[in-house]
Amino acid sequence: MEFGPYLMLASLEGAVTAAVLALTAVGLSLVFGVMRVVNVAHGEFFMLGAVLAWWIAGLVGGNPAIGFALAIVFVPLLVGAVAVLVDVTILKRIDYDPERTIVATIGILYIIQQVTLMTYGPEARPVEAPFNTRLALPWFEFSDGRPQMYWPWGLSTTSYKLGVIGAAVAVLIGVWVLMARTKIGLVMRATQLDREMALAFGIPVEKVYALVFGLGAGLAALAAVLIVPIQQAHYLMGHDPLLLSFIVVIIGGLGSLPGTVLAAVLIGLSDGVISVFFSPTLAKILATLLVALVLVFRPQGLFGARRA
Amino acid sequence: MSISTKSLGLHLGLLAVLFVLQFVLPAYHHGNIARIMVLASYAIGFNILFGYTGLLSLGHALFFAAGMYGMGLVVNQFGLPPFSALLVGLLVGGLVALALGLLALRTEGVAFMIVTLMFAQAGYLTVLYFGEYTRGDEGFVIQQAERVMWGIDLSDPTNRYFAALVIFGVSLLVTLKLVQTPFGKVLIAIRENEERARMLGYDVFLHKLAAVVLSGVISAFAGASYGLLFGYVGASFASVQYSIFPLLWVLLGGAGTVLGPFVGTLFMFYLIDLSSGITSAYMLIAGVTLVALTLFAPQGFVGELRKRVWRWLP
Amino acid sequence: MSLLSTRGLSKHFAGLTAVNDVDFDLPEGQIRALIGPNGAGKTTFVSMLCGRVELSSGVVMFEGRDISVLPAHKRIGLGLAYTFQITSVFGNLSVAENVALAARRRVKGAMVAQVVTEALGKVGLADRMEQNAADLSYGHQRLLEIAMGLAQAPKLLILDEPTQGLADSEISDFKALIRDLANSTTILLIEHNMNVVMELADFITVLDFGQVLAEGTPQDIRANAAVQAAYLGTV
């Protein structure tokens, strides 16, 4: 394949990565923004989403679309419920102390991961996509001084991948509407701005925290349900999304949702494109170093404004 | 009996018990205790930063691995003798710690935790990236012939046990001395109240940096020794898991206590060892322990002991 | 010559002016009180003196030397000492070790124990040396703070609301202590208790809205109409 079509293919793959990453990272960012805690177990909620999607799809059988539809509705709710349980039994009891929360969520990471290993097992298992038509894509070439369209071999995507991108965009718009236009969003933003003041105004801060923690985990699970027909479910699959979400949230500015989405698109796209030129390991090294240096020298993120 | 004699007696007593155990333990536990002593030295290094200075690093595997690879690579690539290789490991660990400290100490709290985590992750990936020399995940073996130091074959179980005891004894006594020196007291003061320490005229940044380097050098010492004594250098020792382990050990044993790291390592090692006989999901134990400690016993074993019984424990 | 002086010292926080263009001179050996209504900028002002807060503009001079950009620990090294408004001790260290940490910046070896015993003796905590600082009562923690200040043997001791939360009997002990101290060091005192101020201070500076409203002897200040207005206006 020539360079142009190759780059387009990489960008398309990158867009799928970006879409899923944006959902996962927005979940992490929401939790950090409102609750001021870092959830190290976020990647495990993602993994749990993928594994539960496989489980539900297997329970239903028949047309893959039915199982998938059930999974996309129920898996985020189930995972959200697990997260709410974690919040009220553990995080609430250590009073959301930032450092102790990190230690506790490291523990939760291992608990979820290892319980999955004991029940679901070490195998990687696929979930069938509800629809999956191969779509060939055209490319343009100048010959005889005018553009000509042709269909390079291998330049294609699937209807499902485009569906993932569309679904992610829809959900992100939904999150934005929830935060900016609804009463519950207002309550969340009030809690984020000033916890004490919110308490004084009678906002049930503990319930808001539980809800936000559940919502954050639910978004990660949803992202996993979307990706699992493309990438199989495995008990160790939470590691990369966690790392990438960290990168995205930090570069986008801790707790800033628009910054997070922008950074997700940037990282997702460049991940696809950079790995065309560099080895993926080198790309990851550079990305982690970038994150560390951003935190050291520009803690408000690359896109955030410095706070007073 | 004064407090410092009492505590010196207690710590020397522990070393004496470990010395005697060499002659009575069955082979399996004998090997385990040797490993535990080296890993406890790693925990001791971690504890200087976390327990005494109040800085929680999530990237200590970087130092452990810096020592291990610093030692292992010069043995493997240039055939350096073990003692010189050990010193190279220490040097590499110290330099890495200095560089990390200069950068990471510009941040605080949660940001410090994430920055250390990220640098360690970059270090782990670097080990994989240079797979040509490091052999990546697979790692490499240090041959028996290259593990003879001053005529002593470190691959022999008895020699190995005593070497581990020396390594552990040095780390333990250095920390015991450290926390009684004025420098050690300043570190504790920084943990207790950083702003107050600054307003007494202490250069807080410089003290923290020294703590990072000291902690890094001891961790690297443990890493290099581990590679030398057990003859294997691998990428898993640079992974996140090996940054979490010392945190787990120190929390369990008691952060900010001299004995805590050993107690925690001993307990956790056997807990994981026993459970891995039953299930492959042995890290479940680590997870449950971490959560339980955060919820119910943030002081750890030795910390609770100090709170309730022996207030003089260092 | 003044021990400490400022020229045009100002601090802005995101559009808010906490301290505005303050010229201040403190001669050696004086007990100076700094008073003013809540939010007048007193703590911000002294925080700029000892380097806890970066100044926005102006100069701080100590013994004729410009220390405006020195980091806090270096200023302390030159002979400033600062005790915090909120009790701020090292809770899990012994009372003696708290003072020893302060003393070691100045003396070494066996001298440390001597300085510690002396300082704790002066504030009446000699019998509590081995206790954990966190186990002391509030009043005793404040005294420990002052003992830490004493152990530093500073040229200038800045006390931020030292009598806050003390009982009446403790306050009279405190006044005696400060009078004794004034023989060997210069003292800058932020204080709300007017009895303490009027009895102890040689000279008073009044801050209001970040600016110097008045300066003078206790008698002058008592008679000053502008000061009365500032205080009455906020009561």
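Each chain gets a letter, A, B and C, in the order it is written, and its residues are counted from 1.
Throughout what follows, a contact is a pair of C-beta atoms (placed from the backbone, for glycine too) under 8 Å apart; a residue touches a chain by one contact, two chains touch by 3 or more.
It should be emphasised that the depicted structure is a prediction, and the values quoted were computed from it without experimental measurement.
Peer 1: Take chain C away without moving anything else; what clusters of touching chains remain?
Peer 2: One piece, even once chain C is excluded.
Peer 1: Name the chain with the Cα centroid closest to the overall protein Cα centroid.
Peer 2: Smallest offset from the overall C-alpha mean is found for B.
Peer 1: Determine which two chains are connected by the greatest number of contacting C-beta pairs.
Peer 2: Top-ranked chain pair by contact count is A-B.
Peer 1: Quick one: report the Å distance separating chain A from chain B, using the average Cα coordinate of each chain.
Peer 2: Centre-to-centre distance between chain A and chain B: 34 Å.
Peer 1: Averaging only over C-alpha atoms, locate the centres of chain A and chain C and give their separation in whole Å.
Peer 2: Result: the chain centres lie 52 Å from each other.
Peer 1: How far is the middle of chain B from the middle of chain C, if each middle is the mean of its Cα atoms, in Å?
Peer 2: From the centre of chain B to the centre of chain C is 43 Å.
Peer 1: Spell out the residues on chain B that touch chain A in their complex, using ranges where they run on.
Peer 2: Where chain B meets chain A, its residues are 56, 58, 103-104, 106-107, 109-111, 113-115, 118-119, 121-122, 125-126, 128-129, 244, 247, 251, 279-284, 286-295, 298.
Peer 1: Name, in rising order, each residue of chain C that touches chain B in their complex.
Peer 2: 50, 52, 71-73, 76-77, 82, 84, 88-93, 97, 100-102, 104-105, 148, 152
Peer 1: For chain A, which residues are in contact with chain B within the complex?
Peer 2: Listed in rising order, the residues of chain A that touch chain B are 38, 90, 93-94, 98-100, 102-104, 106-111, 113-115, 117-118, 122, 243, 246, 250, 279, 281-282, 284-285, 288-289, 291-293, 295-297, 299.
Peer 1: Going by the contact rule set out above, which residues of chain B touch chain C in the complex?
Peer 2: The touching residues are 182, 185-186, 188-189, 192-193, 195-204.
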